[in-house]
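Note that chain A is present in both complexes that follow, paired respectively with chain B and with chain C.
For the complex of A and B:
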């Protein structure tokens, strides 16, 4: 029954989607690193959305998979790591879809066309795809676009692995007529990937002291991005670089544009890195712990700057941090990650006012700054390294509320109660308006990843 | 302090170094075990002759006067005459005559490792833990482990055999390129270096290559000793190049460059290459120092009449002014290389001279 409900709401969401799609739609993202000794499933089945102009925070301890999630979105995962088949990250900005369809017409496909060639029993028979991972019981119910975006159709020859622009509505041959579609980020490569990186999605890294090349001037490094994505060069580019530096609050920008990174202070360097990220007017900015390496007063300035940029330029921001205080300050919505999974997802208000997952509770209790002399509470133990697909709750060994089933049932993100649908927790205790036995049963039924490799 | 102020400071610092070297040379020559008078006149000379020579050489002057004379002589390149090696000949003339062969050898011994060792090292660093990497690294270690004097002898033996039908991989070294057998030239010997002439371009004499065959002969003559002389540097540059590359490839700013959407060609050549050159620079210049010492052996075995060989002879035959003058010239070369290194550093790395 629960499954039917979910697929029904899924279909409803698909109908609405055309009007206000999220900018980024991450579905079942799995990134693993393969070494001789072990496989590390750093990101293991993550779902979340980011609307344009929204700030989404990703929070969790070190080793919970936050940075790997960000790098997967940027296409920066390198051998021995890779984004696994079954993952889908959809970039839904219509402008971008049209631009990509125009530039990479050979890599653009109409979903209708795929549907004509598609035979669900063939795909689900020949690959390790399961209808459950797409939220359905019957293979025939799974939309072809989901299967193709996740990469399963490559194995049976319906797609050849090169397609990265999927057109849902509109004529593939005249990009301007496209009304709905997406760019599948996990299938990008080569020129198309470089177009997305920096041009559409930009990233600000953790350590500003090392993320600028020491042997080129700050201006040179900004101009490089301008030249690549906006075709500016020479004086024009220098002019624009100086303006960008000014926009991120660097005084005397016209002179400093010719200075080297070592002549900038830490906070200034992070501002320069942000200016570089903004150089191509991205739709989305991924900030990977941008304030961790800075001292507290500078942290506040950089956070203000990011908020200001977001407001004035209307960019979506994915903000990664392990600092709950920072998350509360900057985000609209928060995803709490633990051992490669999103364990709780909610708007920032409800999450801080009424955290549901025991892990979120633990994180909030561990924020320093209570009464003087109070002993700071901690979560005992440390984040496990996920080597196998989860068949149990990965937080159970550290969880104060764990019970027997936590060791044998893998919890899936579930609305915390029947009335709320934008606050989910992956914990067997929820939904909390049904009995624990029934809740456990629902999780068991919905665990869509099962024992896939 | 700006980069160029730093460079000028380094330049000025070479002056005291030069004087220290000169003082050291003076002390060595005056307190060494060899009596200059006995060395020149031989043991049978009479007391009057000896006294006369002492007077002529200024050995009876006060020590400070001798020191001042010595310093002024050396910095004006007035080295006096050789005692033994080429007796009574002006040392400067001998050095100027022998220098081109050594420079020609040194030039190729630096150039070959530069263009073989560094590209191989960079390739290995860009493709770590692949077959190519292992092959290059292992080859580098083995090549470095072979001593120069042994390599010289083996190389000569192998190349000589190619004449009598013992062709190496089907190559007869004598007839490969310019034919040495037909011209009846030895595969060892001093390169003539007479392949260029000068012409006046805008009133300035400009050298140009007038005899390409002579140039080819000189290159063929110098290749085996240059390859051997540069073998250690080649291996060192390969290994340091690999490490430098690996380190730079994994640095954060390379990830930033990728996140900007730069193509990998730009990332490698603009962002990685220049940074990887910074640790390589002192390796290249310090290897160049070693060539001066190494060339003594290689010149001796390959029968090249260069500075190294003359230095070796003057040391073994007790020709003190000759050895001293050559040491001074070597010091000048090393200081020059040091300045070149500082200059290149200043150009490549903007952080040079930045103290905070």
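For the complex of A and C:
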């Protein structure tokens, strides 16, 4: 397993250089589906980070946009949907940046060079970009890299839409010298997309049968992934495939590699899919409801397995589920989504001990178990379909705590009080240590989402 | 915990109280494969006995494939019972035929899991709910329409929904429509088959509240089939835990949840993720999957996965890791015995070429490679591995069972020839029953053993 050691030492070097930075940095992610009838803004301005080795949970009801978020990260949004301009998902693993800079030198840019050609008044004049969406008042204050990553520089010809590797520090022509930079996931396409998807970020879906081909043996499918991403073939690949199956807890793996998906039970299939995902030694694993179709005893096995993999391989995990119990079990940090937006974000402990957003409270209260025999509390109404950019709180119509301003001011993620900085809620009630009027004012000021197509 | 060795089956218990509505006795539902060569039936429900009292909600929980849906369907004669009785107020409905059955069906209805597939998309809501009334020729058409409108109101929809189609409704509303249809003929008994599993948690809460309200209002008796144990704990008065066609434990809900007696109940409860990150994670993770109901293990149905399977005396002190390895090894051989072999493999086998079955040695190393196996045990295991390598799986299993089997695997303690099965033991004053040898005074209780191991 020479490859693993090599990348491990590479990752260690990267850690030294910038341990504070997240592996994945999602900024203002917007994904919309355009049909003749309506536009559905499935993901509408989502920000979150995932550190390497961390598990970040995304929880919400159906229609909240959690799966579309995952698919946007994987580049799996198909027409009529697309990730909108202004979105940025930065992949910051230094190893990956160097690898991509080397493989795709034509698609790599040094941000310094961009800056030389960049004129803020031109860009902000010619496009629908607003300094507010980058958190500034003056166009001149907005760093060029943010504008370019969000895709606005394409329109004025500073970039041509093909660049996906941004180098902040180091020489573009000698990738080994790169010390800072990122791969912009929303701008990937073609070969670079394939390198990222599967090679760096792997995904496990809810229904293992949709990710397995019924006419090939399980071993065959893992070998395919090994060949694509690691260049293994023949006996070597078979050997490695069996080892992977063994690593995900499939007994009698050597016999199992030659079996077909239908000969596996549901839990075994999900293990096989996880083995396939691991075949390319990803830095990040996106799990989209991986245990929803499984029984609790099998779910327990799969959750144990994911935790074990994370520990032994130090991968970052983005875990999507609607089950609050599962989220509490697996996550380090939790993002609660509602109608395309992250409404609350906190470490798992504070989120469950002291949920702040009324929606999070509602979700937790409606789980049976707290109040035996009593009536269960419910959230009236249903999740709305976000068709327009948000101009107010989307939860307001169902919110027990809503007041007049909730219908006119759009809340932005805000620290829940002045002392805390890692627990945010998108609700006009927060921060809760200032008066409501002041809180509302702050939300109004910070609302940076422009009207954009 | 009281330890009266009760009866073999729950039916011999003290006189059935007069408020019993459904009395199930030794009910079996088998599915035949219909093939001429294969005559082993799938034993979906394999001899269960229990009572459902009037006005109560009995929960039926278990993993998929344990037979809970088949049991529910058999109770209202959607499946034909292979053997046993289902007595509704004294009438054995498994013997009803023709008109009698048709008449009786008004009393018992079912709500299905998936509201997308259980409603006909080409019918209006009114037609859907009216269908049972039409089928049973209930009063006049005008009365039927009136009835449907009042039912819509009853389940929290409005009368103007009468002329709409199912696709215009959300999942929760569709489930309400299904419930309204169920209520149309004023049944006494309703089988709810995973009625909230397909719904989001906030919608789920609404439907649960509705079901509870309706139960109070119409004096309904529910059989609530679910795999989500937190929902069951909320809504059910008593719970039956099923595994591989058998009821493993049955008793009052709170008692069963707070103080489970059967090892399977223990494992099932510990596997539920709690919405509380500070909760201790002393999860008992079961290995493997439930066995194929066509080939259930001899002895206790749970013996192949049981974390507290009784060990024979001479191996009582065997290292846990070795013991687990032996269990795993047994499962692998059992599986190999049942695995399909393609013609290609049979031919390769015939000519002594390598097949996917020929690699038992590696599997053996995988299981026992890093553990110190006592010589005596290793000798047996080597024999077993050799037999398995030669495709004599049955011989290998027999050898394993002779050395490591116990009452749990059906080995009679006095060396009798017939496999023994566990009995139902009464484990509390409320009459809770558990199907496990561990309750026998001879053996230590499940909880003590689990505590010891952790």
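The rule is simple: the second predicted complex is superposed on the first by the 429 of 453 C-alpha atoms of A that agree within 3 Å, B and C clash if a C-alpha of one lies under 4 Å from a C-alpha of the other, contacts with A are read in each partner's own complex, and residues count from 1 in each chain.
We adopt the following convention: contacts are C-beta pairs under 8 Å (C-beta built on N, C-alpha and C of every residue); 3 or more make two chains touch, one makes a residue touch a chain.
Predicted, not measured: the structure shown is a model, and the values here were computed from it.
Look at chain A after the overlay: chain B and chain C fit there side by side.
In the superposition on chain A, contact is made by A:379 with chain C only, not with chain B. In the superposition on chain A, contact of A:229 is made with chain B only, not with chain C. Judged by the touch definition given at the top, the superposed model places A:438 against neither chain B nor chain C. Applying the stated contact rule after C-alpha superposition, one finds that A:214 touches chain B and leaves chain C untouched. With both structures placed on the common chain, the touch criterion links A:273 to chain B but leaves chain C unconnected. In the superposition on chain A, contact is made by A:298 with chain C only, not with chain B. Once the two complexes are overlaid on the shared chain, A:61 sits against chain C while remaining clear of chain B. Once the two complexes are overlaid on the shared chain, A:171 sits clear of chain B and of chain C alike.
Of the two partner chains placed by superposition, only chain B is touched by A:196; chain C is not. The superposed three-chain arrangement places the nearest Cα atoms of chain B and chain C 5 Å from each other. Within chain A, the residues touching chain B in one complex and chain C in the other are 263. In the complex of the two chains, the chain A residues touching chain B come out as 74, 76, 193-199, 202-203, 205, 207, 210-217, 224-225, 228-229, 260, 262-263, 273, 276, 280.
Within the complex formed with chain A, the chain C residues making contact are 63-64, 170, 172, 200-206, 208-209, 212, 227, 229-231, 233-235, 254, 267-268, 270-279, 281, 283, 285-289, 328, 331-332, 335-336, 339-340, 356-357, 359, 362-363, 366.
For chain B in complex with chain A, the touching residues are 251-253, 255-263, 266, 270-271, 274-275, 278, 348-351, 354. Contacts from chain A toward chain C in the complex involve residues 61-62, 246, 251-255, 257-259, 263, 265-268, 295-301, 303-304, 322-329, 331, 348-349, 352-353, 362-364, 366-369, 372-373, 375-379, 382.
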